[in-house]
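Shared between the two complexes below is chain A, which pairs with chain B and chain C, respectively.
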Partner chain A sequence: MNNKNMGIANNNRGFLSKFSNFFRVGGVYIAFVILLVISGILSPRTLEPLHILDMLQNGSVLGIIVIAQTLLIITRGIDLSVGAHVILIMLLVDGISMANPSKTALVIVVALAVGMSVGLLNGLLAVKLKIEPLVSSIGVMSLLTGISFIYTKGFGKGQAPPFVRELGSGQIFRVIPISVIVWAVLAIAFIFILKKTVFGRYIYAIGSNPKSASLVGINVEQTAILVYVISGLLVSIAGILLAGYLSNPTLAGGETYPLDSIAAVILGGTTFAGGKGGIGGSIIGTLIIVFLASLLNILGLGHPWKLIAQGLIILVLVFSYTGRNRSV
Partner chain B sequence: MEEKEILKLNNISKRFIGVQALKNVSVGFKKGEIHALVGENGAGKSTLSKIISGAYEANTGNMVFKGKTLPQGNPIKTQHLGIFMIPQDLGLIPRLSVMQNIYLGRERNKAGFLDLRYLRNNCEKILDDIGIDLDLDMEVQKLSIDEQQFVAIARVLSANAELIILDEPTATLSESEVEKLFRIMESLKSKGITMIYISHRLDEIYKIADRVTILKDGIHVKTGRVADISKDELIKNMVGRTLSSTFPAKRDMPSSTRVLKLNSVSLAHKLHAIDLEIMEGEILGIGGLIGMGQTALLNAIYGSQHINEGYFEYNGERYNRVNPAKAIKMGITYISSDRRGEMLFINRSVKENVSISTLKDYQRAGVISALEENRAVDSKIKEYNIMVSNREQEIQFLSGGNQQKTILARWMIHEPRILLLDEPTQGIDVGTKEDIYNSLRDLANKGVAIIVIFSDMNELLGMCDRIAVLYEGRLIKVFSSEEATEEKIMAAASDNYKE
Partner chain C sequence: MPKKLRKYWERFNSVIIVYVFLIVVLTAVSIVFPVFRSPRNLSNVLIQITPLAIIAIGQTIALIGGGVDLTVGVVASFTTVLAGNFMGQSPFGVFITIIFIFLIAIVIGTVNGVICNETKIPPLIVTLATGSIIRGIILSYRMSPGGSVPRAIVHFFNIEFSIFSIATVVLILLYVIFTLIMSRTKFGISVYAMGGNPEFARMAGISVKKVRIMTYIISAVLAAVAGLVISARTGTGIPNVGDPFLMDSLTAVIIGGATFAGGQGFIVGSFAGAVIVSIIHNVLNISNVSPFYQYIAKGAVLLIAMILNSRKKKL
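Presenting the complex of A and B:
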């Protein structure tokens, strides 16, 4: 009876329903193409290959964080500490090595270890102690920011070793940024893991229905915590790239990562309900955010306009997604 | 008729999709009586109470309350007229105080501020009237279950209830708590309040009720004074229909190979010292009134709930602690009655829903072989006749029956030795039901031991080789298929069975 009524309501949606159908196939891809077209019309030089590569390099740190955020949101988790986390890793890399090449291995190992520990902490809080991850990761964010301040006494010091600098700002064949290649390799790896491996299936399963997952014998808590640890690892890789990208470490600049990364994931069609979505959409979501910022920048519109435009795109896309879910 | 009827139902019928829940029910309730409503699971008791209390609208028929037609499908209006239902879960807000619960939604105010003095005085008066002593400021969640029940009663009294429907109020109460509740019911009765009392406990009906109405399959069988109806007659009137569905033939010889043995298995508040044997190739039905520990029994065997006493014997080994992952490895699988909540991955594909528990069979170094997975899934889709356009279709777009077949297919890839099922045909159309009956019998014939909960008497009698009846977590009796009759099962289910 209920289903019937809902069906009728859905048919009556008319325009809205068609609008939602239009985006059903791949809203985020369409939105991205529209953005490219507008961008090309307003400022043709934004579509030049060199500019595009530049933007990709700009976006690679965010892009890797978005992979982490996607994995978490698929499993009904979330992490708001990614910004503070990525900054802490950068400060550690710069501060420990002081540009000394002999410390390259050391700083990379420290960065990855810290990254996994932060992930484990977030995982234990959200999964074992069952604190709402939106809240627990805000706590962790504050914790990490405080540690960063104590470690640096308020001023970033040091510089990344040459190898790390090469990773963060170097190019292959003097054209393709290495950080973009790192991003692409990680993206492909995690697309493969999600689609083709048992672990990937378990990630979707625990996000789709944790109760069902435990009744088919999946260790739900262990899987969820492992996802947090992997996410922490990814954020620390992003932090290493950031250390190599910026010539001087700074305590500021991490604030945009939490919201930008979540926005990219949601734009890409991964839903908070869990068990749905993937890396592919999230990458396009990242590109939209990066290209949009760049376009507005070229047009002489600054950060406020980027936020407004980003907000509008999110609202429109999310409306189209939920519109389709409601009709089910 | 010496007393006057406060509520009269005339030819009430209610249809749900595919089910005639009530057929031309006409019954009158007298002012100030306690009127018991009895019947098997699915007899129509709750549908009838929901129509009276305004939650449902009848398809045909009308109701007359105090000489006026009672509006239908509008619980608020019905409550304004003085008719209330107290559901089994009571509907209280655990974190609010006794007083806040009693006045929830009807707080009297003075110039926008709560008139606390008035509310407090009134609450005290109501509780005094029925002889209850409660701390008005205590949070409801800190009260015992029976005290919470009193709060629920006080709540409807404060809204001037004249007719109260009590849905199995004693199901969660101890004996002394029941006595207390009955005293309160007597005092309400002396104030002229009418009560419709739904209960499975026949003894209690004889203790408290004045009259009783028996429903069976949505039909009004009989209404009469409790004193004039014997317990045997009551049970006989609740059961006794002819088997309607076609069930596959049962096994001709009892099986002699034991698969699993339960030795005084107990689970806190849910199961008490259960001893039970399960044989290879048999379908063992678990019967009883709803909520008597049937589901807990399956969960205990599957390890999704941990037992606190007793042990299992399986494959010549003893164990008392297990979890679903281990149970599956041991060859035990479970299908919950809550398909959406506990079995399905509703936004994932049919393929993933089938293969999720067997992925380890199609993987090398953690990577799934699409070829092997697809082959296994396709063969099961075919074998179980799952209606699906392709294996990548999301399972939420399938019918309940096809979803159930998908879950069955998931477990059958394991070739389990024991299959546990909780209401496997719930919410499934008749045709698919028969598919599932046949699949279960096929599996049993292949040697799988099946333990299945049916609340439907037809299914219990039609499908099962043996029937174990539970009452309040205790195993009352195991019937063989030959000796099982509806009367005997019903008697055991209400703890009135005598050899």
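Presenting the complex of A and C:
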């Protein structure tokens, strides 16, 4: 049924849908270049290498969360609990280690284990129990926020051990932030996994058509849950970096990650219908979000304008990718 | 079982189950927490229920129509901010502001409905994005609580008859009106038909696009009414006061028996859902549990309701 409709749509391709398809694949790069040119004109300082590296470091936590969100959206999932999740991991890393270097291994293991458990929970709810993932992850978000509050009694405490601090805020050769390198390594790894491995092909297969994926012998449920677990793991890595980046842990600040990460993924051309898109576009999407926020800041337009811009961007881009509704 | 009775059971079992559940919860809570029964606390519970239950009406209609509205919380916040800023400005301030607020709510609902109609973007994403835009507009206007709502409005909503206030009367009226609309009018039947199968509804001669826009307008206007009730209680404009209502309204509606698949659910069921959610909040308050546990309780209740709901769909 779905395929048939798509076939009809393909035959009736007008200029607009050709344009939108071109835009979906290449548009994000053009948009990014335009954004760079605009910010260069408005404030040349933004294009200085040091400022760019600074922004990349700022964006690395979001960037890793975006990789997780991309994997989920390709498989028709989504996760709104990423913000509460990343904050919980940061609080655990800081609170358990209390800046004690001997507990470095412990906090990292705890963080990764918690991350995978949260991913597993989200996966079981969405895949096994078939709850609308957007809503189930709102429920999980509330659970994680509650756990963060109970664990800290409302006030962030402790500090990350030196190694984690080095990961989050250190630099190689005093220039290149280590967190940016972590982001780049993860991005390259997942680009490779998606493009070159069997598991990557499974991810696209269950996203584009779960029924036929299961007919060719892919264990759809298992693969989808595994994607959730991997995403949980990625978010917990982002949480470790955040713990190293911020010198004082706070309970606030996670609220922006869900919408930021979804906006970045959509900007990059991954669609909600599943089975399409990839990490490369999402990274450029992340850069657009980060550079846009910085540009708005320089122009004296703060957080409210970012919310407005993002809402509009999501609507316009999803519309340009999916096209008009002709059925009802 | 007589045939007629069985028919009723088949049609209304979700409502009957949620009311039985409500009675069990009420009984259990009254026995375990004697404080709960005190008139003072009961009137507190009623005050807590009102905005949530009003928002739940709109959310139910959105879900029955096969959609969902994630903007209810920000619309309520927007209303309190506008009320706080403009109501005290002139002698006609209250009246004009209320009309202005409803106009804005109608615009928001229309925008949501039109985007859902004309694009293939899922309603969850549409209202997530419009919600972000509305939040941005609120915050560019007012970052922290402020402004004041005239005493007249505060007094009006809080006039009390024994444990009922005007706000409660408004609530009951809205439930009666919308229950009648959804069960007795062409519009109500159209919403159920559209949620069940939009294609069939269109073939049956229902103008699906208009009905869908109406569901989002109703949802936004009711969120604005809830916002007015909240501003009468707080007496000021608070830019994030509506945030909890998004999750609470979804929980209430899902406990009440509506599903994300659409075409199912009853407004009276959502009322029971709203009461149950409010009782949970109240019990956590009066039993001196740390407020932090509220997050856990709310998340758990939403997830359990969703799980039970997804079981029902399979049957």
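Assume the second predicted complex is superposed on the first by the 296 of 328 C-alpha atoms of A that agree within 3 Å, B and C clash if a C-alpha of one lies under 4 Å from a C-alpha of the other, contacts with A are read in each partner's own complex, and residues count from 1 in each chain.
Methods note: contacts are C-beta pairs under 8 Å (C-beta built on N, C-alpha and C of every residue); 3 or more make two chains touch, one makes a residue touch a chain.
Remember, it's a predicted structure, so these values are computed and weren't measured experimentally.
Looking at the shared chain after the overlay, A:Val175 reaches neither chain B nor chain C. Ranked by how many residues of chain A each touches, chain B and chain C are led by C. Judged by the touch definition given at the top, the superposed model places A:Ser208 against chain B, while chain C stays out of reach. Once chain A of one complex is fitted onto chain A of the other, the partner contacts of A:Gly275 are limited to chain B, with no touch recorded for chain C.
In the superposed pair of complexes, A:Ala252 makes contact with neither chain B nor chain C. Of the two partner chains placed by superposition, only chain B is touched by A:Phe199; chain C is not. Judged by the touch definition given at the top, the superposed model places A:Leu50 against neither chain B nor chain C. In the superposed model, A:Ile41 lies in contact with neither chain B nor chain C. Comparing the two complexes, residues 328 of chain A contact chain B in one case and chain C in the other.
On the side of chain A, the complex with chain C involves touching residues 125, 129-132, 134-136, 138-147, 149-150, 153-154, 259, 262, 272, 303-312, 314-315, 318-319, 322-325, 327-328. For chain A in complex with chain B, the touching residues are 1, 196-199, 201, 204-205, 208-209, 211-219, 273, 275-276, 328.
On the chain C side of its complex with chain A, the touching residues are 115, 117-122, 124-126, 128-133, 135-141, 143, 198-199, 201-202, 208-209, 246-247, 250, 260, 290, 292-300, 302-303, 306-307, 310, 313.
Chain contact summary for the complex, chain B toward chain A: residues 16-17, 302, 304, 323-329, 334, 336, 341-348, 352, 355-357, 359-360, 363, 366-368, 370, 396, 410.
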